[in-house]
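These are the structures in question, set out in turn.
You will see two complexes here that share chain A, one where it goes with chain B and one where it goes with chain C.
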Partner chain A sequence: MSEEILDMLKAAGLDVLACMHCGTCTGSCPSGRHTSLNTRRILRDARKNRDAVLSDDSLWLCTTCYTCQERCPRQIPITDALLEIRRLAVRKGFMLPEHRKVSELVLNYGHAVPLDEETKKKREELGLDPLPETVRKYPDALRDVQTLLRACKFEELLAEK
Partner chain B sequence: MTKLSLFLGCIVPNRYPGIEKATKICLDRLGFDLAELSGASCCPAPGVFKSFDKASWLALAARNVVLSEEMGREVLTICNGCYASLEDANLELKGNPDLKKETNEYLKEIGLEFKGNTEVRHIIELLYKDPGPEKLKALVTTPLDLKVALHYGCHLIKPSAERKLGDTESPVFFDELVEATGAKSVDYTDKMMCCGAGGGVRSGHVRESLEMLEHKLACIREAEVDCIVNACPFCHLQFDRGQLAVNEEFGTDYSIPVLHYSQLLGLALGASPDELGIEQNAVQNLEFLAKIYEISAGLR
Partner chain C sequence: MRIGVYVCHCGLNIAGVIDVSALQEMAAELEDVALARDVQFLCSDSGQEGIIQDIKDNKLERVVVAACSPRLHEKTFRRVVEKAGLNPYLLEMVNIREQCSWVHASDPQMATQKAFDLIRMGVAKAKYLKELSSTSSEASKNVLVVGGGVAGIEAALNLADTGFPVTMVEKESTIGGKMALMNEVFPTNDCSICVLAPKMTEVQNHPNITLYTYSEVTDVSGSVGKFQVKVTKKPRFVLEDKCKGCVDLCSAVCPVEIENPMNYGIGKTRAIYMPIPQSVPQVVLIDPEKCVGCGLCEQACPAEAIDYAQEPEEIEFEAGAIIVSTGYQLFDASRKKEYGFGKYPDVITNMQLERMLNSAGPTGGRVLVPSSQEPPKSVAFIQCVGSRDKTVGNEYCSRVCCMAALKNSQMVKERYPEAEITIHYIDIRAAGEMYEEYYERTQRMGVDFIRGKVAEIYQNKEGKPVIRYENTLECRAEEETHDLVVLSTGYEPSKAAEGIGRMLNLSRRPDRFFASAHPKMRPVDAPVSGVFLAGCASGPKEIQVSIAQGGAAASKAMQLLGKGELEADPMGAHVVPEKCIGCRTCVDVCKFGKIRIEDKKAVIDEVSCYGCGDCSAACPEGAILMRNFENEQVLAQIRAATSGKSQSPFVVAFLCNWCSYACADLTGMSRIPYPTNIRVIRMMCSARVNPEFVLEALKGGADGVLVAGCRMDECHYIYGNFDAEKRMDVLREVIGEVGLDRKRLRTLWISAAEGERFSNTITEFVRELEEIGPIGTELKEGSA
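So, the complex of A and B:
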């Protein structure tokens, strides 16, 4: 076990130590009502620096709705901490194949949801240009997006570890 | 009046262009100075990209903001997700010189610089502040006799410390904008609950995402409304396309029409349903379509 998780949260200015185990976060969670996500448990595992939290699939069941964070009586930035833990998990190579795919779409097209033929037709029906005013229409702009992502070493992060 | 650039994001231009058209119609009729934001990309999606890597999330979001900075315009978003990414990135970069410096190192590679001299807006908070519900009501030419289940969506109002739009448990500002069109915003169980799509859940865990959606749909059906209204194309896609997926997955028979607020307002400002792309939705509820055509033709 390392001190990594807590240190990382601390470095990001996210204090999760004040938790009083009231369970408000778990009780408020729209995902937890239907899924295995237990917000309080994730935070507890993070506080105890348990590496298992990084490979915990339920980490990816949070919709980032921020209800827990709004309601926490100790003002713990719960959702922000969850996002920080996810980012560490990704650095350790834990990433769902579907999420890799979305990332690759942005790398290739500049859009997480690229234009398709059906929508091109719908655009024309509405009297809009079939190609929207986005990177889709401007190859130079798409190249800029790709250059930027390369500068951030985003592709390396996606590589399977 | 505020000079704006229209940030489209991904889902509006690439799946629901009716929302793009409706936004342009509404802002034009309301006299806004709205320009296209050429060459913008994915915001990038807050739930997924912000969950993967902070540096690239910030860099991509900053690039989109800078494109608008260079036009001397504020960024207008029509999506809660785009609003979350661009507004959060804008605030973080403005408030943290180290982050700004780091992000500008990346942006230098493509000849751009984040200066921090513009604002990110969301169509709902924009319209609420100016013209505001009262003035908007006076501009309505076609009052809508509709019962609406309003879905705020999470990232419009939360985290509240950053959004500063007031109460997150039972806000009213968006309801006031809905009612300015003549429609009635009906209360329903778990109105403030998430649609279940965000955070990469819809892409990563589709079954769980649909379970959350099914719960919302059941609550909405109980309220006996004409349609759902949202201000976020990702919620819109979840409610519309997701509704068909829910029917398939759980053997239900939901057929609740879904409108982005720009489409609702467009109707009230006299645009016809086909101009607004309402028929292009996945949910095809003919009874509802007949009703809004009658309203728009002044027949009811």
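So, the complex of A and C:
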């Protein structure tokens, strides 16, 4: 997939070619200060179509605060590009176990954070219906959501590759 | 008639795309064409000689040159034609490079066809060309120099020493510009004022220079050779001829402390002050905003120089040429919020450091950390603050700041050898004589260089600035605490020069600095005749380059005014009295007041006519001719264009010489492609476009007409494009009323710098015309 990453960015209208490697992005990154994320390097790898960027765990350490994008002196859509790279990574099967887990919850319960027994109890104590007005309460609606997600091939996306 | 047609290969610039031999063959078949040739390089000596020989041998009466833009070589070929004994105005140039080969490289066949159309149009016009002769008029030898920085000073002294009278106008209370504020200057580490002050004094004492400081140009009218200039001298409330410059006496008694604008916020002075110790003239001034009028200075002044009632003074004079050396202003560092300038006391600008390093400056040459008033133990320089930064709208490199930071780091290191100094850079730009060596010397002195733009600054609990950045060579995000952080602020166009820019109708580049007539070949000529640019007015540059430009601008002005007379362009308007009905329309249209009515006939002051052609387009009787752009000449071009109608949609475009035609040239130079469907006719101004031209084009079968001029407020004839727009708006309604789609007439107001936009507009227009269909489609629909 020699040209794939750059082509995909281009197709999404994201031009990263003009990067002058000033490091404003990395220097501004609140996550990179504490983690292995180097924003500039992610974009450099993408620009060179290096597959390694897709399996790079630090790709998932961006909090999408957009500070880098706001400050980039060449106005490169850094955060947007990073999100696009994540999309490709997932399509290629690179996904952190935590994210896979959360996605499975969405698929099974319609929620990334399903209602647990304790919350149900608290709701009852407050005189509320233990189940809120969401798909959790209406199995038909949950089935609709699942149909929708399957139609979008969400399941295939989650499958281990 | 015997016409010679020449097709230039321009090496491969034209011949690489266009089939020049086919073009030559087709041209040879045209009516009245006695001879057609294709030549490798027409502008070369042999190319020129060939034309001269042909004219003589074949008794050619007209010459059509199909080559580059007439803006580049029209003068060259006029001289060639003249050398052969033909009137120089019997030449017509056809632009098949900028408008053809350079923009239609992907479609050689259509490019060749279009080039042939353009040649047919040129030949058609050539048949109607008339002999013209230029007249000469007296020109003032006085040169106005606007701005008394180092570039202006160099220009003024060059001119004055050669014997030209010079009037220098400086808005500040002293000349010397930014250079007078600096400590040492790279790459020699000369004391700045030591090398500049003698020149400043010379300006003041020179018998050929009249100097107005604390003054501004408030109006310029007229044109090259005789600009009428008005200057307003602001009151200093101190009499210049009486003040002895002994500032200690008056300033010592003044009770009001103010910030000296020359010190960029460092230190204080009094409300009556000398801007810098080496001020020229050596005259103090009173800040009227801050003065409380206590009268103490008046009592203290032994020379009776204080005059609280001083009024602004108006001065008027004539100048033959104008040198614009208005300099630059520094980027306002507080706009980069992430650096906290103005909030964190120990974050300062390079200019503030410069003032502190200056031994005659506010700290007497000591570098003091603002919060502690102690010398710094560690200093960080941050480069590219307000340069190479689209987030603040300054895409360009300010070019000087790298060397300035190197220099100031050397200065700090020399005075405080213990201080740790780091320069944070994106790229070190040390391209100049002895600059790279200077960079290396700085490194050897122990100054550290870290590659990576500083992302942000915060203040730690001790109140010290902490910088955050990525060391890009080590791929590491880092933090560092310093005593002092110096922001290397970039250069911006001077706001104060906006007025003179408007008065002279100077155009600006996308970076907002004044544009020269040609970005490469004419670096100190403004696009306006008789106006020259020097120094940072046309972009950031270091002192040595500014001085070189000052000298170059002076020499250009000498060349222009040396003879004391100017050859007037013969291409102005003139009246055919038999046709004129004395309706006064032209008198109202000419905002320059060059037309009057005498004996019920319009009379034009032809020598001072600017030649826009607005009057000619407005005349209901066709009684005003624009030499070289006469109705019958333009109509012949239009008919030649539409009679071929070699493709569909077919667009006839009228472009003004100054902005839109120049923009099309730039589009070519930048190789930005656009559809081949457009055939351009050059006018001096969009105001010249007679509605009849548009109708003739549509009648002939053009599917669309484009009328393009300068951006509003940027017309080289000031009002021309406003008139053109009004005219085209009315015409569009007329077109609508006869049942044609109004969109077939399009206007475009564009600067000479907007190549991309020019290309997009043509693309869009062609697409729109494709949707509407061939001309007349809508009429059939209507009748059906």
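Here is the rule we use: the second predicted complex is superposed on the first by the 160 of 161 C-alpha atoms of A that agree within 3 Å, B and C clash if a C-alpha of one lies under 4 Å from a C-alpha of the other, contacts with A are read in each partner's own complex, and residues count from 1 in each chain.
Operating definition for what follows: contacts are C-beta pairs under 8 Å (C-beta built on N, C-alpha and C of every residue); 3 or more make two chains touch, one makes a residue touch a chain.
Note that the coordinates shown come from a computational prediction; the quantities given were computed from them, not determined experimentally.
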| item | value |
| --- | --- |
| First, second, both or neither for A:23, with chain B first and chain C second | second |
| Contacts of A:141 with chain B and chain C, given as first, second, both or neither | first |
| Greater chain A contact set [chain C / chain B] | B |
| Partner chain in contact with A:32 - chain B first, chain C second, else both or neither | second |
| Partner chain in contact with A:98 - chain B first, chain C second, else both or neither | first |
| Partner chain(s) touched by A:40 [first = chain B, second = chain C, both, neither] | second |
| Touched partner set for A:70, first chain B, second chain C, both or neither | both |
| Chain B and chain C footprints on chain A, overlapping residues | 33, 70 |
| Chain C partner contacts - residues on chain A that touch it in the complex | 20-29, 32-33, 38, 40-41, 70-75 |
| Residues of chain C that touch chain A when the two form their complex | 338, 384, 388-391, 426-427, 451-456, 468-472, 475, 477, 479 |
| Parts of chain B lying in touch with chain A, wherever the complex brings them together | 8, 10-11, 13-15, 17-18, 20-21, 36-42, 44-56, 59-60, 63, 106-107, 109-110, 154-155, 158-160, 168-169, 190, 192-194, 196-201, 203-205, 208-209, 211-212, 215, 275, 277, 280 |
| Residue ranges of chain A in contact with chain B within the complex | 30-31, 33-35, 60-67, 69-70, 79-80, 83, 86-87, 90, 95-96, 98-99, 101-103, 106, 110-116, 119, 122-123, 125-128, 132-138, 140-142, 144-145, 147-149, 151-152, 154, 157 |
